[in-house]
């Protein structure tokens, strides 16, 4: 029960609005610091790959973007599920805010992957490759999610309907991740997340990890900021927003 | 408590508008709730809310003292809903449509003949619903109501499109339903002349 | 989603009533059955016509054409799955009936498959022949198409339920369904191509069967929830 | 058919009102615009996916795929041309309005083309590129597609008017329209193929232009008559 | 002859049924024709026939003494039809729908404000028709009628779904229309209380 009350306090829009404002700077600063370290380390200090030369450096954008595209989807699906089952409106706001970010990361992963694929595989795109295809499918899932939301005027209804789609679409995530193992694919197998530890040299690894976590923190900051805006819009008719926008005494 | 159906502190929003807040009602067996109000005051919305097709912003509806959201399915098997739209397939015949209903609700078609006779539909059973007149289609919806054998009737403007004999018939049907301990919630622009106890809600 | 206890003996009766009603409707409006079938035949027939009939090219693209045609035909007919029920008010009555809604949703999707999917499967050998597909391939095509079209009907019912109150167009529906249907298409077409090349096909068939079972179990619940939301 | 004298000054006003209304509707339900577009893109994208991407095969089947996709996309959206007007009673009001019905029918067909045909023409170069079509072909494709889609919208309006009171499905509609649309498809695809092979294309373009003008003049009258019959 | 609208020896078949034969009526300026009859007796069909949307088996309708089939288009610009279905697009707003009507009929929107005010729709202009209540939608159909500025009003059950203020308003509107020399053909299940001359047809 205590947990329940705590959750409800957390999920109360005004409380969240204030709390998020305090968290965002920390996330942003950490994210930018990691990003700078990763970028410098990756672009200047990591040795060129013995096979790929300097072309491999695109990994420092590609892999974080690819991970984040999946992370954003997971965040979106879980938030949507929580919102649908326990009827927490804030949760829906989180899901709605995560979608465009996720779509951008997916787009970035597709573009960087395809740029990388040109020298590596001799083609920009390979239809029928499971990883590439499932990543593209995820982009379309994001589009579908956003289009469905846009098509419904009533926010509460849009929340619930799109939540179903987000949850159903989540089956795609394991497919993306395991596709390289299940089917023969052009794409790299898992290098980082493996049972026997990462298979990559540390001078390459640390900047990469820094980039991944930097991207994650930046995602967190952006997400919270978007949720704040979303909450403000949704609560536009409520007392607290009114007081916030037009402080007492400031009557028009 | 003998109240079978009750609404507590109901509040409903549509778009930006608040249709009503703090609405309360209680209804026991054999009683009728008449929902009145001008056009757009929220009668249809209230009925949809009671049926569970719209979420109330606040408050809850109880059936047998238990919130209907708790056991929505049990509630649904006790209610039947007469809407603006007939809710039948225009391309199926009257008989096919009613057969489907009885399959869905698992009720018998035994007294079908009597019901159709009474509603003046007996000669129309073979016609597709599409060709029936507006009033005849409403009568088919009434047939569903009678065959469903449900305790609670939700009726949205039951008199519309009916001729005067039809309107008298509806009053008669309601009276019989109340007499055997049924409940009615009726949204209507015209009063109902009944012996049974009538409770009223007026929305504005 | 509500948990449904086994207290309703007529569980299958509502199911049967819905299937029967939808089949009767299809019988009265044969357009609904012929539509996807005709479409399917059309795509397959127009292709050689438009592309120009080079023997080997036809043979190569055969499985792909058949599968794309099947997917499009299914999508095309899905739009109307709940639409007419929504517009004439029957959907409200279904939702308010004492039967568990997922059961009714399953019945609607099944009826859709019987009307739009099954005929397509049955007619596919004819088209395979017109594309000069080798004989042993046809069997594989039949099996994969069966699983595939069932999955499409089930997935489609979710999309149709989500979009029923919104638009007339199929655009949004396709956008929602396609990503989920893509694996079916890819696996279906690839498996048939493999069969044509005498390669092993078991993996593809297993995948399609698994996908089919998954959608059969989960989709009705998603569809039911979506219907409740859409009818608000 | 009634003969209409020039006694109605607002002849074009009713026309403009209908076009404007339908465009507003399309704007409010972007699905209707995106639908054929998306479908078009989908068919073109699914094909390589299902057939397997062999460079030269793609290049060969490019014009055919684009044309089949265009035809299907147009057919797909035609179904709803008069359906929603019929169902909500607007069609009766249109028929009873003081404007000459052929004029209104022309307006509806034109609005349909603007919403469903034009975007398709505009997006086709992108798809041509994805099929590695040579540059000079694209221009020919644009011209033929323009004439072709206008003809399809006009022809389609007749079919849609005939079937509006009958069925929901597009089957009958396709059946009625296809024979008339086939010449457009065949000439369209062939002309583009000829252009790809650097052969002369004038004859094909003339034919398509003539067909387009013919349908523009005759179809509105046929559509108006069909509408009167269907609404009885 | 001062009869503006007249029906001569009308006969109408629907399916196997003959709804009426040898039906005659005549109506001059400022008169109202009230079509009565039980459900399914053919009121709607008669109105559709007069409007030219259904072909009579026999007989003809004259307007200004000329058969309407002769100059159908002139007839159409003199009439406006209030049907069971509103005949507006659910996705467009009230204002957009009425603007379209005025474009179609080439009428001015000058008195739009007054009309909307009178019908109680003034606050709803920006809402899509879909969200309006049943009665509000009927009122929008009445707005079309008023804006059309047509001589002949065909009204199928004009009172249905309206609250009592709305029903009184319809009677008032009809009275005004008749007073300025307009004609009305009304199918209804309830009488109309008017000073103007009323002719009646009862179908059975």
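A, B, C, D and E are the chain letters, set down in written order, and residue numbers restart from 1 in every chain.
Everything that follows uses one rule, which is that a residue touches a chain if its C-beta (ideal position, glycine included) is under 8 Å from a C-beta of that chain, and two chains touch if they have at least 3 such contacts.
Only a predicted model underlies this, so the values are computations on that prediction, with no experimental measurement involved.
Common neighbours of chain C and chain E (chains touching each): B, D.
Here the chain-to-chain distance from chain B to chain D, counted in touching steps, is 2. Counting every residue number used by either copy at the chain C-chain D contact, over half are found in both chains. Looking at A-C and D-E side by side, the one with more C-beta contacts is D-E. At the centre of the protein atoms shown, by the Cα-centroid criterion, sits C.
The distance from the centre of chain B to the centre of chain E, each centre being the mean of the chain's C-alpha atoms, comes to 30 Å.
Centres computed as Cα averages put chain A at a distance of 48 Å from chain B.
Centres computed as Cα averages put chain A at a distance of 41 Å from chain D. Centroids of chain C and chain D (each the mean of its C-alpha atoms) stand 27 Å apart. Contact of a single residue of chain A with at least two other chains is seen at positions 128, 133, 151, 154. Each of the following residues of chain D touches two or more other chains: 29, 31, 49, 52, 84.
Under the contact definition stated at the top, the residues of chain E that touch 2 or more other chains are 84. Considering their complex, residues 29-32, 34-35, 37-39, 42-43, 46-47, 49-52, 54, 57, 60-61, 63-65, 67-68, 71-72, 76-77, 80, 83-84, 87, 166-172, 174-175, 178, 185-186, 189, 193 of chain D touch chain C. Against chain D, the residues of chain E that register as touching in their complex are 51-55, 72-73, 76-77, 79-81, 83-92, 96, 100-106, 128, 144.
Considering their complex, residues 2, 4, 8-10, 13-14, 16-18, 20-21, 24-25, 28-29, 84, 88-90, 92-100, 231-232 of chain D touch chain E.
Chain contact summary for the complex, chain A toward chain C: residues 84, 128, 133-134, 137-138, 140-141, 143-144, 147-148, 151-152, 154, 157, 160-161, 164-165, 167-169, 171-172, 175. Residue ranges of chain E in contact with chain B, taken from their complex: 14-15, 37-44, 84, 120, 124, 127, 131-136, 138-139, 157, 160-167, 189.
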